[in-house]
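Letters A, B, C and D mark the chains in the order given here, with residues in each chain numbered from 1 onward.
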Amino acid sequence: MTIDSDFKACALELIEAGRFIHARGWVPATSGNFSARLGDGRIAITVSGRHKGTLGLEDIMLIDGEGHALDGKKPSAETLLHTAIYRRYPGVHCVLHPHSPNATLVSRLFGEELVLEDYELLKALKGVATHETRIVIPIFPNDQNIARLADMVDAYLDRHGEIYGYIIAGHGFYTWGSSINDALRHVEALEFLFDVEMRLHGIRRDRT
Amino acid sequence: MTIDSDFKACALELIEAGRFIHARGWVPATSGNFSARLGDGRIAITVSGRHKGTLGLEDIMLIDGEGHALDGKKPSAETLLHTAIYRRYPGVHCVLHPHSPNATLVSRLFGEELVLEDYELLKALKGVATHETRIVIPIFPNDQNIARLADMVDAYLDRHGEIYGYIIAGHGFYTWGSSINDALRHVEALEFLFDVEMRLHGIRRDRT
Amino acid sequence: MTIDSDFKACALELIEAGRFIHARGWVPATSGNFSARLGDGRIAITVSGRHKGTLGLEDIMLIDGEGHALDGKKPSAETLLHTAIYRRYPGVHCVLHPHSPNATLVSRLFGEELVLEDYELLKALKGVATHETRIVIPIFPNDQNIARLADMVDAYLDRHGEIYGYIIAGHGFYTWGSSINDALRHVEALEFLFDVEMRLHGIRRDRT
Amino acid sequence: MTIDSDFKACALELIEAGRFIHARGWVPATSGNFSARLGDGRIAITVSGRHKGTLGLEDIMLIDGEGHALDGKKPSAETLLHTAIYRRYPGVHCVLHPHSPNATLVSRLFGEELVLEDYELLKALKGVATHETRIVIPIFPNDQNIARLADMVDAYLDRHGEIYGYIIAGHGFYTWGSSINDALRHVEALEFLFDVEMRLHGIRRDRT
């Protein structure tokens, strides 16, 4: 009962998050995937290939911390990117992967990282208390080998410490939080910053 | 009965698809047209000149595989582009023609084709399994003679084999799928890619 | 009764049109104004200074063909631009004046006219049967003296014959139709064309 | 009773304003804050850190004219910017602070002020009767010390007299009005003008 109701509550929040994220154009077609860690360590995650704007309960499944299906369904191909974040950060209870035009454009216009400075909205990122800060969003090359991609992210985190999210080139971005609302706040903040940086880039390029 | 219920189910899905596509600004005014092939080979298609955001059952009609009206209504002027796709691809059950600003801009900025490479979202196109692929979207000149336009598309397909969609210059694009949802997924994916390519084009032009 | 019900039907359509146009961002704040000609020649028009996204029946009033209030309310300051169109074109039953960012940008980027060619969507304009046409949208300088502005429009129409709409610089555009739906179709089509032309202008400027 | 019902009526209007402003993308994440002055001089203001698109009654609190909480809740960190405006302008009953991409871009592209001229939409600002006017929107550097920021705004207003709003660099803008609807009209008008100016800036830069 408790277990089931915990899953159902999380799944309903993910469904609602999907509707919100799709309505803004950030998970077109069947792109993106979302997950939430339950109280007992199991992870609710979107089933592979479902449309994120019209998720139903049957489109959310359960996996364990290593990414193995617990209910016979097929999880997202990128499950290992989710479990890697949960393993590293015990306080994280939600991982969201939108696939937006702005994140894709940023990955084409900038090199290995996007540096965000002097934005009040950086304070929407957990623990940031002033705009006078320097937040780096790394951009990793895309790879269909998700285990290899997860290792690259892990190696980066070993070297650089905590980050708020990362972009996979031509693919979208990952961010997370201590709750679904926390992660959604990061999605909105990063989307805003990608939008502004991308538009500035086009205009500034003319000057030089 | 069965025949009627098959038509009605398809028509309701096309009505819903129209609402979705119009809400995103991809079929302004009375532009665009949509169709779905029924189990018995007949085709449900939008009546000529109707607004795609507010379709009712009376705005969907039946034609045969050659594009002749089966119920006395007047089908879209571009009916032959739909029937040509159904004739060529037996597995296709839906053809959608949005008329979006981005598709129009792409046709003005690029020449005879748009080449899409290194986008994760290419995997939303049926049968594409990796971003490391090269998808060509041909751009055909617009023509009010639809039979001639259909012949041009057919000749291209004879030479180049299967494609996922094409743009008619200054006019919009065609895409299709094995179901209405399949075709809608292609619409969302191609719109995303047109948007990104169009914005990159404006920025890159400054460099050279 | 009949008179009242004719007014009420028109007013409800204008209210609905306002909701649609505002939702797309084309009548921000209290900008824009809308009217419809009733069967008996009187004109239903938006009251001065009302928000077009949340119109109620009390925000629509009646004027005669010369723009005089018939019910003690104060019509839009631009009423004479509406009556001038109704006087010239007996078949016109609706005049819409959106105030969109794209129309404003077009008026800043282009000179005295915007020339639209080779767009399939031109066929959404009444009587246009092919993209191979050349439609001119004149751009008039803004003027707080509406009688003088109306004279300028009239003089232009005397010289150039029928047009589908015009832009007032830094202000928005006027278009019309034989019904509210007709005029709305023109709004959607012109907005699409302004959007595309404005974005092309920014990109092409880099070339030359 | 009266006191409570005055608070509740204002709070419900602020909740509705938040939904509207968030839906347009102008208060992403938990950015922005809103307030309204009640008949007795107390001020209803959003609680610190709440999401403005999904405000409930519990997210609106009461402060006095100096910004002290009257109900034990924690008001927005920027409360002193609200009270400074109410102190200066007795006729103002609402202060809105959206945090939009366009206001942020304007603050990066322009220097210490944005000059708005020759826009019909300037007439949406209270007391402006013609487009032939020159409205200055000052841009202040961002500062986490809100008392210091409020002093800077005050000093500017002492020197320059009444303005319609101001931008805080990388942060968003403030505007106000004699009612919530008045302030919302200013939000819509300024957003329109920021959007147009920002897009023109990108295009014009190419010319020079």
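To be clear about the criterion, a contact is a pair of C-beta atoms (placed from the backbone, for glycine too) under 8 Å apart; a residue touches a chain by one contact, two chains touch by 3 or more.
In this text, all values refer to a predicted model and were calculated from it rather than measured experimentally.
Enquirer: What angle of turn lays subunit B on top of subunit D when you fit their CA atoms, given in steps of 5 degrees?
Expert: So the copies are related by a turn of 180 degrees.
Enquirer: What whole-number Å value describes the gap between the mean CA coordinates of subunit A and subunit C?
Expert: The answer is 44 Å.
Enquirer: Which whole number of Å gives the spacing of the CA centres of subunit A and subunit B?
Expert: Centres of subunit A and subunit B (C-alpha means) sit 31 Å apart.
Enquirer: Can you list the residues of subunit D that touch 2 or more other chains?
Expert: Residues 202, 206 of subunit D touch two or more partner chains.
Enquirer: Determine which chains touch and list them pairwise.
Expert: The list of touching pairs comes to A-B, A-D, B-C, C-D.
Enquirer: Taking the complex as given, what residues does subunit B use to touch subunit C?
Expert: Within the complex, subunit B touches subunit C at residues 25, 28-31, 51, 99, 101, 104-105, 108-109, 142, 144, 168-172, 198, 201-202, 205-206.
Enquirer: Can you tell me which positions in subunit A touch subunit D when the two form their complex?
Expert: 24, 118-121, 124, 129-132, 181, 185-186, 188-189, 191-192, 195-196, 199-200, 202-203, 206-207
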